[in-house]
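Next come two complexes, and both contain chain A; in the first it sits with chain B, in the second with chain C.
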Partner chain A sequence: MSELEEFGDESSEEVEVLTAAEVLSKLEQAWADEKFAPDLLEAKTDLVECMLEQINEMEENIQRAKRGDFKVSLHRMEIDRIRYLLSSYLRCRLMKIEKHTTHILEQEQMRKEEENSRLSPEEYTFAKEYQASMEGHFKNIALRHMPPNLQSLDPKQTAVRPNLDSYVFLRVAEDTQGVLVEEETVDTGEEIVDLEKGDQHIMRYRPVVPLVASGAVTLI
Partner chain B sequence: MLAEKALELIRELQRSKDGSLPPYNEDGVRQVLEEMRALFEQNQKDVSATVEGEKGLFSGVQLRHAALERNKRCLLAYLYNRLEEIRKMRWEFGSVLPGEVKYNMCEQEVQWFGKYNKMLATYMRSIGGVGGLDLTQDMKPPKTLYIEVRCLADHGEFETQDGNIIVLKKNSQHFLLRSECEHLIRQGVLEHMVH
Partner chain C sequence: MDPAEVEFLAEKELVKIVPNFTQDKIFLIGGDIGPFSPSLPVSVPLWMAVNLKQGQKCRLVPPDWMDVEKLKDKKQEEMDSKFFTAMPSDQYMEVTQLILKSATDDIPHADEIRTLVKDIWDLRIAKLRSSIDTFVRSDATHAKLNHLTLMELNTVRPFLTQALDHMHVLRNNISGRIQSTQD
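And now, the complex of A and B:
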């Protein structure tokens, strides 16, 4: 992400404010997408880390400022807002990880070398531990007392999976031609829509999964 | 009736949907497991009888196997949903549970809670490298920096960020930084006053 690096190097006040604002708006978008998407999206680790640094810096600045300065409370408020955004974003991801642990870890295992992981390394550790503790609990209390042929947990039956066919509201950020919404079936023909920039739709989530990932559409 | 005990467990979950945790039904769980054992033994007997040439036992075996699977499913659902409830409480009450909640948990559940606590803490500490981020703070979007709160219980002295010490006495009112007293509000020590 080029503007992040740029932001790190810049020292002049004006550019810093501008790029930090861009990071923030990206993070806001990531947060909204994450909130409305039924499955876990790619982790935006860079954004989170950058924003956290930013907060820490701001807090240091406040420490140095005079007491009772009006600007301080404005900055504090801004910090609070950003911190809420960050926590809410990460919390939302954590909830999904906890709910769909098995599914997400399966996906992670099937992931090809060139694809990006959806989990940040920390989230991966957490997911692993969470799954282990759940299974351990079930084994301890119930499974090991069951007849031998029933002692295993079959992920096909027990894994909670996100419903990709749920409907989402979306706004189109880039023109995209020919999105296949409905596969051809015996009764109906296939349905294809062209998405134009600025359009808003209610759609099944499944057809737009790659578009959300690439940022061509945003969820609202 | 087959699998009735297991259904009873599920009903118990259904009844406590308001977010409270009913006592862990150790007896119920044990009875379900016992029923499973009995069903399984019967099945084994019938299977070996079939192998020896007896006819007509097969549908019974199948029925019992279905009951076994149903029992397993109900039991796991019971345990899973309880953990879910316990997990929610970590976010509500923080890392120390009130006594009456703990009283309703079985020993393994208490252990699981401890584990969950630990992994959550590890995760939150690792966010972003330095210091981490406490995700259990900032649960609601901030509206104002300071909020008016009223004490619902005696809490004793409380040091604010800028070094002032105030005494949180029952029914006293204060004007505090929201970020500082949020956890006290969730614990029920303070109440956010909305005008």
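And now, the complex of A and C:
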């Protein structure tokens, strides 16, 4: 597609204009980041919707095309590839939501007005319903047979939380100076690295959380 | 990440083909491709090249680096260097596999190329293993991994990241910081 897509970023006033190909490569990056990050990243709803629109448009075009046209099979293949990317991305998010339901909903509640939600509205509904069904299930199956003092679940103890200290591979997209990799402890000094564009590193996820969110580093 | 997913990413790499058909420009979502005319080389994504080749609609042109002499030099360079050298393609392994699987007849000295690429891969993986050993022994907390490709990282990912996670927990316990991890 050669025409330009309007692509609004809700958090800022300016409107980015991206070609469909750029949206696609951003989505590929979002997919990889989401796959490797231990916690749930911000939902890239705009990218997903833009790609879905493109696919639908393309499918309509295919409908209109002549039967047996050679182009059609190539377009179909591309659509299949993009659809795989989209569903893999969304499925990956759902898996994280199922795993860390309580933690994610807690974060969502503590979120300040001006921050963007990490969940899309649909994912939020899903998380809520998933939590309700799991709790209902536990109650029906086990908890109600327990002695009265053990009949409730304490989210503080039972919630599964992502391990932000897990190690990730990353590639630097923008120069960033002075990332504090290791805080100062009794026996070791603090460790600071400068990230240069194009470099690849392995380190804990925690120090780079803000950089992944801003796109200054990408996970690989 | 599954190796198939790494391959999926490599499939969008552009390669040159010589088509044997005529076709106007194709407006794909990922960018415009074409126009195609017989015996004029044109760049297409690898997935399309493989598909066209299967339908016997084109001949694949090997990438510049897929050449016996160049690969021999590369192998020598990799052997002589203590560090990882820059590879001609970030997806050299995947691209070689895909091209040699679908278009062996278009690549001169295909067998030799297969062996050379495998040799380079083995050299690099051995180097990667020994540097991981040094890295883990040195008790470092981060490392720079320039010039390693995604497929190479992927082969050590599950083991390396988990081992480091455990070491991090152990280290923190020694220094008295108690942590709860459930992952």
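In this text, the second predicted complex is superposed on the first by the 203 of 220 C-alpha atoms of A that agree within 3 Å, B and C clash if a C-alpha of one lies under 4 Å from a C-alpha of the other, contacts with A are read in each partner's own complex, and residues count from 1 in each chain.
In this text, contacts are C-beta pairs under 8 Å (C-beta built on N, C-alpha and C of every residue); 3 or more make two chains touch, one makes a residue touch a chain.
Nothing here was measured: the structure is a model prediction, and the numbers come from that model.
Applying the stated contact rule after C-alpha superposition, one finds that A:K139 touches neither chain B nor chain C. Contact with chain B, but none with chain C, is seen for A:E129 once the two complexes are overlaid on the shared chain.
Residue contacts after overlaying the shared chain place A:L150 against chain B, while chain C stays out of touching range.
By the touch criterion defined above, A:S87 reaches chain B but does not reach chain C.
Comparing chain C and chain B on the residues of chain A they touch gives the larger count to C. Of the two partner chains placed by superposition, only chain C is touched by A:M58; chain B is not. Applying the stated contact rule after C-alpha superposition, one finds that A:M77 touches each of chain B and chain C. Overlap of the chain B and chain C interfaces on chain A: residues 73, 77, 81, 84, 88.
Chain A meets chain C in the complex at residues 1-2, 20-21, 24, 28, 32, 35-36, 38, 51, 54-55, 58, 70-71, 73-75, 77-79, 81-82, 84, 88, 160-163, 165-169, 181-182, 185-187, 191, 193, 198-204, 220.
The touching residues of chain B, counted against chain A in their complex, run 29, 33, 36-37, 40, 68-69, 72-73, 75-76, 79-80, 83, 87, 106, 108-109, 112, 115-116, 119-120, 122-123, 126-131, 133-135, 137-142, 144-145, 162, 178-179. Listing the residues of chain C that touch chain A in their complex gives 1, 5, 8-9, 11, 21, 23, 26-32, 47-48, 51, 141-148, 150, 153, 157, 160-161, 164-165, 168-169, 175, 179, 181-183.
Residues 48-49, 52-53, 56, 67, 73, 76-77, 80-81, 83-84, 86-88, 90-91, 94, 98, 122-123, 125-126, 129-130, 133-134, 137-138, 140-142, 145-147, 150, 153, 157-158 of chain A touch chain B in their complex.
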